[in-house]
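Got a structure for you, questions after.
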Amino acid sequence: MADDTKAEEFHVVHDDPARAISDVVPAELRRRIKELSPVETDPNQGKALYRRILPGVLQMHADTVIALARKSSLWPLTFGLACCAIEMISTHMANHDLDRFGILPWPSPRQADVMVVSGTVTKKMAPAVKLLYEQMPSPKWVISMGACATNGGPYTRYDRVLQGVDKIIPVDVYVSGCPPRPEALMDAFIQLQKKIMEERGKIGR
Amino acid sequence: MSAAQERREPGVKETPIVPPPPGSVADTFKAALPDVEFVANQGVLDVILTVAPQDVPRVMRAAKDDPRLAFDFLRCLSGVDQMEQGLEVVYHLYSFKHAHNVTIKTLLPADDPQIPTISTVWNGALWHEREAHEMFGIVFQGHPDLRPLLLEEDLGYHPLLKSHPLAEIEESQEDFLREEAPAAAATAAGAPPAPVDERAAKIALAQKKAEAMKKAREEARAKGLSPEDEKAFVQEALKTLEEGS
Amino acid sequence: MTIERELDTIDVNFNVGPQHPATHGVFRMVLTVDGELVVDLEPVIGYLHRGAEKLSENCDYRQAIGFQDRTEYLAQFNAELCYVIAVEKLMGLEVPERAEYIRVILTELNRIASHLMFMGAFSADLGVFGTLFMYAFRERERMQDLFEEISGDRMMYSYFRVGGLAWDVPQDFVERTRWVVKQARQGIADIDGLLTRNEVTMARTRGIGVMPADQAIDWGFSGPMLRATGVRHDLRRAEPYSIYDRLEFDIPVGTQGDVYDRYTVRLEEMRQSARIVEQCLDQMPKDGPVVAPGLKRVLRPPAGEVYMRTENPRGEYGIYLVSKGTDKPYRLKIRSPSFCHLAALRDMVVGHYVADAVIILGSVDIVLCEVDR
């Protein structure tokens, strides 16, 4: 080290922890630390310096923090196709609020995280759905809301209807119902949040 | 035609003809157009008049312009597929001035359904006729813009005809991709758009395949095969069908 | 200081695409604009064409009620009523009194709910994004709770049956409905206070999207769109069905046929619907059967055809039903009011600005499921 005096200032002597702290930490902070941690001996003995200075610091994997941030602020694309759109709007509204989960409906696909396909996808609409999905930046998820988006629903026997949106885009959560209750859609978002936390190793997917 | 006859349920009845009471709008029509032949029928709510297709433009123009009739509101224009008898076009009219209704029907031959347009009489007929054209194949002569409205362009078939079947439920995702792949390959090769007959032939072939697959699946399930054996059985059935055709 | 310049401009052709927050569903408008002025508009529909008519030909008469719900997903009871009355007329059935009254109560409450949705979406188009939408949905949630108590579903009720209702209403139906109507009146008053004499609303909607009465009739307008032009025509008065001939209500009309008139007509219609519901609650028989007696499980109406029309919140909803005496409809054509109104969208929008195009589309109050069926 170039500057030896500076290194000595921060050099920690393990056999006398109290003296090591008093060298660096001001008296006031030392007093507060004593108040907060009532044990006689330093519980953070042998641990990193920042744990003794700032005991309230959490340390975790970056994946966990990023996943936590992503799941708490899911912005769905306002993509109401048919009748399920009305229940999706009801879920956003005051009675079954979705904003408390951080879910904010966003009209543009460029800033949206999750695409809630609510309603029947016809073969005429399918290219637009695929284009919107591709316009969303990664990481992105898809919730297939309702029977029509899952497998064609009541209209599955008509040949202009796409029998499920998972034929063109990958789906993460399926919600059944015709239309699903707002509570079911809320449950879908919570399941998606659980899935995001479980999949947290795959950054940038 | 045999498929259509099979679909017809036993006990199909035709509508009985009941003449309307005197003084109804049928008499006004007959007075306004004495040389047009009307077959008048008292329906559940309105009087139903059946005319020949070539008389329709005159009847509609008189319905709107004649002060005794004054039908200024076209309620609805529908097509009905009457199978062997042909294609029917049904017009429902209402008059705000006299507060009376009428239903006017005409029957077109199934192989050449052409009728003059009435969009010159009522603007509201524009979209109704476009929809009837793409759903049934009825050609409205003189319509300014007979492009498909609800369906994609050059689809090749008319869905609401009775001869067009319902779609089969696709059990796996590959069914859809397999169906789209030949069409994509054709357009990639720069092939000209296939005429209607070829498309219909392709659809007939696909339907035959679907039938064969369904039969093979049922047989395999009856025999109690495992899923892999079932798949192999189905593939064999398809192969025999292709070799046979 | 003004700068005058001769500029060579090109008209821009752009797409208000199928996914757009302002288009109330999957509807596409191809606009040709000169600056901000709309020169041409082409509506493209069919992104939600699901074949309800074709599929209804393959269900029996009771299953087809479910398709009516999904076709008109904001005024479900109105669509069910039209279909059910069409089959009853074909069969010559008479519906018991209590069932008729309950049907009318539910239909009119559904009309209020549908107009509340219009108010919410209309205010969103005007720019008031959150507030009025929340108010409207507060009232709608109350009504949806009531409908859920009766029929079991929040949206797709399938509660009306040919000959009456599926089952009788719960015992506290009358008190609950009176409470819901009282709350709805308060909600209507809230919306009225916020939008009607609002300077911004009036500046943005007066004189916009005008359609004169004779042209409107030619295009096939009906319902609030036609009444806004001044034609006092309501199917509940002109061709009464069910028990509407025993009820007293007024028919609000507008003067010019612009967007502001359509808004005020719908607002006043909500009040009249509340009035109808209160009258029905007073006149309703306390008990009685709710379904016509002697009906078979599988209905086979006699061969024939009928075109039944009812006054939906959007206009004249028509069901053209052709029966050949079998247990399935032979042809079930749905005449939807939004389809006919959208055909005239070009005439209403050309000559206005792009922002006005959004408001005019909102004032038509389309439901894409019934446009595309």
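When the chains are written out, they are named A, B and C in that same order, and each has its own residue count from 1.
In this text, contacts are C-beta pairs under 8 Å (C-beta built on N, C-alpha and C of every residue); 3 or more make two chains touch, one makes a residue touch a chain.
The shown structure was predicted, so the numbers you read here are calculated from the model rather than taken from an experiment.
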Pair of chains joined by more contacts [C-beta pairs], B-C or A-B: B-C
Identity of the most central chain, Cα criterion: C
Chain A and chain C, separation of their C-alpha mean positions in angstrom: 39
Separation of mean Cα positions, chain B and chain A [Å, integer]: 50
Interchain centroid distance [CA atoms averaged], chain B/chain C, Å: 27
Chain C, residues touching no fewer than two other chains: 46, 49, 51, 54-55, 58
Contacts with two or more other chains, residues of chain B listed in rising order: 151-152, 159, 166
Shared-contact residues (touching 2 or more other chains) in chain A: 124, 157-161
Residues of chain C touching chain B in the complex: 45-46, 49, 51, 53-55, 58, 89-90, 214-215, 217-220, 231, 233, 238, 302-309, 316, 318, 320, 322, 324-328, 330-331, 333, 335, 339-340, 342-344, 372-373
Of chain C, residues touching chain A in the complex: 17-21, 25-26, 46-52, 54-55, 58, 66-67, 70, 73-74, 117, 133-134, 137-138, 140-141, 144, 154-156, 368-369
Footprint of chain C on chain B - complex, ascending: 9, 11-16, 43-46, 48, 72-76, 78, 80-81, 90, 92, 96, 99, 103, 122-124, 126-127, 148-152, 159-160, 166
Residue ranges of chain A touching chain B (in the complex, touch as defined): 123-124, 152, 156-164, 166-167
Residues of chain A that touch chain C when the two form their complex: 77-83, 85-87, 89-90, 93-95, 107, 109, 119-120, 122, 124-125, 128, 132, 148, 154-155, 157-161, 178-179, 181
